[in-house]
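The following pair of complexes shares a single chain, chain A, combined with chain B in the former and chain C in the latter.
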Partner chain A sequence: MRTVRSQARSYPLVLKTMLVPVGYTVERWSYTLQRVTGVVVTLYFVLHVVETGNFIGGPNVWYVPPKDFAAAYYQHVKELLHNPVFDAGLVVIGWMVAFHTINGIRLTLAHFGITLGKPARVDPESPPRSFSNLQRAIFWASIALATFAAVYSVDALFGVLSG
Partner chain B sequence: MRERNVMLVHYVSGIGILVFGAVHLFTVFFTKPLGETIWETTMLFEGHQFAVLEVYRNALLATSLWFLLLFTTIHALNGLRVIITELFPVPVVRTASKYVLFALGVFLMVYGTRTIIIAHMIG
Partner chain C sequence: MRTVRLTVYRFDPTSDERPRYASYEVPYRSGMTVLDSLLYVKEKLDHTLAIRYSCRMGICGSCGMTVNGLPRLACYTQVKEVGWRIKVEPLKNHPLVRDLVTDFTDFFRKYKSMRPWLIRTDAEEQENPTKQYTQSDAELERYIQFSYCISCGLCYAACPVVTALPEFPGPQALASLYRFLADTRDHGRRERLRIVDEAVGLWRCHFAGSCSQVCPKGVDPALAIQLLRREAMRG
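Right after this comes the complex of A and B.
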């Protein structure tokens, strides 16, 4: 019981360490961003599955409805969702999905021993590092590609770049 | 299932999302003509090659959506389980989260599968 209580007391510190990587190395930023983007994209995924249920007329429809009924219901929901606030949210989701994907590929490769590089002597004067150069490059590539995805999403949703 | 096998499933489902998610993104985002938004093209109910209903009517695309739903459900909910386990390394929280996430997974699969099957059958 004492262990549980001491763990409960340490939760604020655990949360701070996990969610606020300011002042830490890029490895910690990668760890935090992967988890934060994962949770946010999961929430979006749950809402997306519920929302796409409106393509056929909403949650009460468990039969094949007339096409006109489904089309009218879909049009109503589309008008509700098609606004700048939701579109801006989708741009953020686009950034998060792209980052989580590319950084996730890095993690998968590392899990199977690829991209790890050779073990190096620990330098007590330097901050702790676990990324190889290739892993560091993939991390920054994930940031760059996520930013590109966000820019593309802005165009796809608002039509500003090609307009 | 042993944790190393669960994480193997996590990575394999991630690769599945990569494949079927690419198909999904292609149909929604990369088939719109330049100068138009998705709201004017792929988000239409009908009237575009990859409009909402046209995607569901196509058996191949509808099947790819179902696999995307399956892989994303597994990957997302196992990811949440890992994060909860890291944050609260207490057996009761671990067990409770496992049951809650399993129930959420069943809901997502049943509701999503319903949408795909019915949308595929709309005439």
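Right after this comes the complex of A and C.
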């Protein structure tokens, strides 16, 4: 029998499956958000290390750390990062870090079987027991706390609330 | 008379260059399922449409397909439930045979690799049984939910991990393994845990929960997989 591989094996469709969970429950949205925030925060971490390295003069600081050279880098990076675009980016990163952390705790609990319902006879009227109220409450709490972190970041960087 | 507009995925790999979508207008009647509407197309409008079905009552698990973006059993899905414009495609994550028919060879190979039967060490007792194996209600409830699986493959089609990683056993296979692991009559605990404690095994599940959402039998594979993880961590 001749068959073809499902189109879902192609990378564009893999990305679409991961990133567009339309029609699915919040658990699937949580999956997507956890993947996206994980990748973005990891990339940010790498850039953050590079940026911090530049702050102190880059790799050359290990050999000849002239004060003027380091000061020039410091000023350059400081001027580069002190603009509203980078500050807005930090707000997004603040949201992502908070969400990824709290939702990650929810997933860790679930992976240990904690916060899930117990297996029982099937009740067609009930939602799956893995979608427990506590699981969903922690998911929404992670959204709420991440939003709070973003609001705090906006205030810290732009002084919107405190003036 | 009210009509249903069906948009159906058509592709025959032996003759077609690329897939296409064909549209059909089907007269609606009360209680009509998506499978009924497809059978109307096959009988009255286009005999070349390939579909797979058998029992027409949600028991055999043959007529799984993607209906308006979600994996569903066509015989179990009322037209009224999904709307008057219905897009029908083959199940994702299963290789395509033709039109709406997919190949379940990989799916059943993975299922079989979980050894979905009771493993016993008392060979003599199995050959010449002297007693019945009784279970309490509590013992039964540990696995009965997972024994309702009809192997329709909807959970497998909905799983984003299978899409990204075709070697992943998938929700059906892992849930079936837990069904036997949780059975007090089974002696294969270590052997079963060894099967799934692999790089591309149990640990790749990210609890997206789509498997449990689309399961037409309420099996809740996501729950089984998380409980299986707990058992694996206990050793």
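In the analysis below, the second predicted complex is superposed on the first by the 130 of 163 C-alpha atoms of A that agree within 3 Å, B and C clash if a C-alpha of one lies under 4 Å from a C-alpha of the other, contacts with A are read in each partner's own complex, and residues count from 1 in each chain.
The rule is simple: contacts are C-beta pairs under 8 Å (C-beta built on N, C-alpha and C of every residue); 3 or more make two chains touch, one makes a residue touch a chain.
All values derive from a computational prediction rather than experimental measurement.
Visitor: Applying the document's definition of touch, where does A:67 land relative to chain B and chain C: first, second, both, or neither?
Guide: So A:67 only meets chain B here.
Visitor: Of the partners chain B and chain C, which touch A:42 in the superposed model: first, second, both, neither?
Guide: The answer is first: A:42 touches chain B but not chain C.
Visitor: Once chain A of both complexes is superposed, is A:111 in touch with chain B (first), chain C (second), both, or neither?
Guide: Both chain B and chain C are touched by A:111.
Visitor: Is A:76 contacted by the first partner chain B, the second partner chain C, both or neither?
Guide: After superposing on A, A:76 lies clear of both chain B and chain C.
Visitor: Mind working out whether A:122 is in touch with chain B, chain C, both or neither, as first, second, both or neither?
Guide: Only chain C; A:122 stays clear of chain B.
Visitor: After superposition on the shared chain, which partner residues are touched by A:156: those of chain B (first), chain C (second), both, or neither?
Guide: first
Visitor: Counting only touches as set out at the top, which of chain B and chain C does A:101 meet: first, second, both, neither?
Guide: Touch status of A:101: first partner only.
Visitor: Is A:14 touching anything from chain B or chain C once the two structures are fitted on A? First, second, both or neither.
Guide: A:14 sits against chain B and chain C alike.
Visitor: So chain A touches chain B in one structure and chain C in the other; where do those two contact lists coincide?
Guide: 4, 7, 14, 18, 35, 111
Visitor: With touch defined as at the start, can you tell me which chain A residues reach chain B in the complex?
Guide: Contacts found on chain A: 4, 7, 11, 14-15, 18, 35, 38-39, 41-42, 45-46, 49-50, 52-53, 55-56, 59, 61-65, 67, 70-71, 74-75, 78, 82, 101, 104-105, 108, 111, 152-153, 156-159, 162-163.
Visitor: Quick one: which bits of chain A touch chain C in the complex? Just the residue numbers, please.
Guide: 1-9, 13-14, 17-18, 21-25, 27-28, 30-31, 34-35, 107, 110-113, 116-124, 126, 128-131
Visitor: Using the touch definition up top, name the residues of chain B that touch chain A in the complex.
Guide: So the residues of chain B in touch with chain A come to 7, 11, 14-15, 17-18, 21, 29, 32, 34-39, 43, 45-46, 52-53, 56, 69, 72, 76-77, 79-80, 83, 86-90, 104, 108, 111-112, 114-115, 118-119, 121-123.
Visitor: Inside the complex, what are the residues of chain C that reach chain A?
Guide: Answer in residue numbers: 11, 13-14, 19, 68-70, 90-97, 102-103, 141-146, 148, 158, 160, 163-164, 166, 182, 206-210, 212-213, 215, 217-220, 222-224, 226-227, 229-230, 233.
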